[in-house]
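The structure appears right after this line, and notes come after that.
Chain lettering (A, B and C) follows the sequence in which the chains are written, and residue indices restart at 1 in each chain.
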Amino acid sequence: MKFPNGYIGKHQSTGIQEPWPQIYGQSRIGRGTYIAGTVIIGHPTKEERLLLIENRLNEVAGSVVGENCVLRHFGVLNSKATLGNSVQTGHNWMVREHSTVGESSLIGSGVIIDDHCAIGRHVSIQTRAYIPTNTVIEDDVFIAPCVCFTNDKYMGRGNITLAGAHVEQGARIGGNVTILPGIRIGRESVIGAGSVVTKDVPAYAVMVGNPAKKIKDSPQEHRKF
Amino acid sequence: MKFPNGYIGKHQSTGIQEPWPQIYGQSRIGRGTYIAGTVIIGHPTKEERLLLIENRLNEVAGSVVGENCVLRHFGVLNSKATLGNSVQTGHNWMVREHSTVGESSLIGSGVIIDDHCAIGRHVSIQTRAYIPTNTVIEDDVFIAPCVCFTNDKYMGRGNITLAGAHVEQGARIGGNVTILPGIRIGRESVIGAGSVVTKDVPAYAVMVGNPAKKIKDSPQEHRKF
Amino acid sequence: MKFPNGYIGKHQSTGIQEPWPQIYGQSRIGRGTYIAGTVIIGHPTKEERLLLIENRLNEVAGSVVGENCVLRHFGVLNSKATLGNSVQTGHNWMVREHSTVGESSLIGSGVIIDDHCAIGRHVSIQTRAYIPTNTVIEDDVFIAPCVCFTNDKYMGRGNITLAGAHVEQGARIGGNVTILPGIRIGRESVIGAGSVVTKDVPAYAVMVGNPAKKIKDSPQEHRKF
């Protein structure tokens, strides 16, 4: 479904045979945005749990989606999440509350972005990467497939704030990389596929291994930012 | 859809425009449970394949879901699987036949639990962890995002029983960890993110690396069980 | 939905309440194939983007699905993709354009196969493995859960062709393995779970670690091809 004039909505659902896509609450969809039929926009947040289980979906805060986005199948955008203009998704994606994804960024198939994340512009989040709560990703970052960020150093014990990573502009993170909580990944750095990043990464460093170690600086001709 | 009085059901589907959620066979849903509109309950097992492809969905055995569960979107619960009371899921989850998930456990978004698994109570299975056939997970275990258990030592060759891992009470397994077939993970142990566990883990051990090696015992103040 | 006489189709969708499964364009479905109600066949490719966002789904090229396949829930098969006879899928799967999957191969739950991949016959692609653009997988290969292939050495920089891996007949790749771009994996080789494959793998070699190193040859009694 394309929204040539944009869309500012209330809950469209009535009864069991719900119209698709489902757009809940005061969600706002920009002009020219396409949303596939199986996508759910404005899904209740954890704080809106009562609205979910009591089916009071017209009362949720709703999502904000920019102009000229393409949101493909089996996606869930939570209430209080924001997608900028020209964001594209693959299939089977999810962005949770209080997260923002900047203009022209790509959310690959299977990508999950949890709550309270700030994703910049022109970020490429490839297939099935996982971005947990409180992660910051600056502009022009490349996140390869199956990358797993973490944020919970004590894994459910201790009484701490979830500490997401902070990835600086233009960094590139290889396939299936694991990144420990609270790590800072420097500008234009490169993390080799399969690495486990256990400490901060300097700008322009190329790091590989488990634990990841610096092997060189990135070639000048590959730097852009 | 919420079931204030519980539900004991037959197949509700008639024709192409199926009502949602789809609940097949003799599935039983406890009081106060919420099931999102795109969820499929009682999906035919491998042994019920004929019922699947011949659309005889009212003849499947069905699933059992406890009281006060919250089952979010794009989930599949197979026939002959059981969820205890107060189980919660994220989106896009799957639990297969002859598996049980105990009371108050969390099935994160993207989690897949294959058949013949026994998952305890108050277990936290975070985003997109994968639990294969014949895995046992005791109470109070924490499984971080993208953890990959395995169970097939010879990967399709040899004539062996699939040997899942056994995780003892209160163990915590870090993000993107790989666990080899048949491993026993001791009580209250901790596996660092990105590790590859190739041998049994003693109780209270903290292990990291590929292959994972013990670096210390877990701090007393983090032990709870 | 089962197709006892096969199906050669045009777009079946009219309005918001679309019939399921959705089968677009000139898709062809072989006799005896079962397609679950939530599956999308013939989804527009990247080149057919205009047809997608303008809802001209009857104009897409469509997919080709063989006979006696079983395609389970929440799957997306792109236009210009081909599945051979007796292909089976789990739930939540995706195969993109110009990719072919050979006869009797298994596409596990959560598996994503990107465009321009050639997958042989009797290939087992287990849960949530990821196969990117330009990957070649010969017959009888076993790909364990959560395997992550890659294809982009410079991760978005440089002006290069995406170089997928080439996996020779009967190779077995363990759980959560990472494979770097352009790698050749030899006939009947075995890669241990959690390994990171950074260079070509000789035939019959058993390799483990990060980076993966050869530790021995595979036992004769496990060789089949």
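Definition applied: contacts are C-beta pairs under 8 Å (C-beta built on N, C-alpha and C of every residue); 3 or more make two chains touch, one makes a residue touch a chain.
These numbers were taken from a predicted model, which means no experiment stands behind them.
*Asks:* Indicate which of the five shapes (line, ring, star, complete, other) describes how the chains touch one another.
*Replies:* Topology of touching chains reads as complete, every chain touching all others.
*Asks:* Since subunit A and subunit B are copies that touch, is their contact same (over half of the numbers shared) or different (under half)?
*Replies:* different
*Asks:* Take the average of all CA coordinates in subunit A, do the same for subunit B, and state the distance between these two points in whole angstrom.
*Replies:* 24
*Asks:* Can you list every residue of subunit B that touches 2 or more other chains, as numbers and ranges?
*Replies:* 17, 38, 74, 92, 110, 128, 146, 176, 210
*Asks:* Would you mind writing out the residues of subunit B in touch with subunit A in their complex?
*Replies:* Subunit B residues touching subunit A: 1-2, 17, 19-20, 34, 37-38, 70, 73-74, 90-92, 109-110, 124, 127-128, 142, 144-146, 172-176, 190, 193-195, 209-210, 222, 224.
*Asks:* Sort out for me which residues of subunit C touch subunit A in the complex.
*Replies:* Touch list, subunit C to subunit A: 16-18, 22, 38, 40, 43, 49, 52-55, 74, 76, 92, 94, 110, 112, 114, 128, 130, 132, 146, 148-150, 152, 154-158, 176, 178, 180, 196, 210-211.
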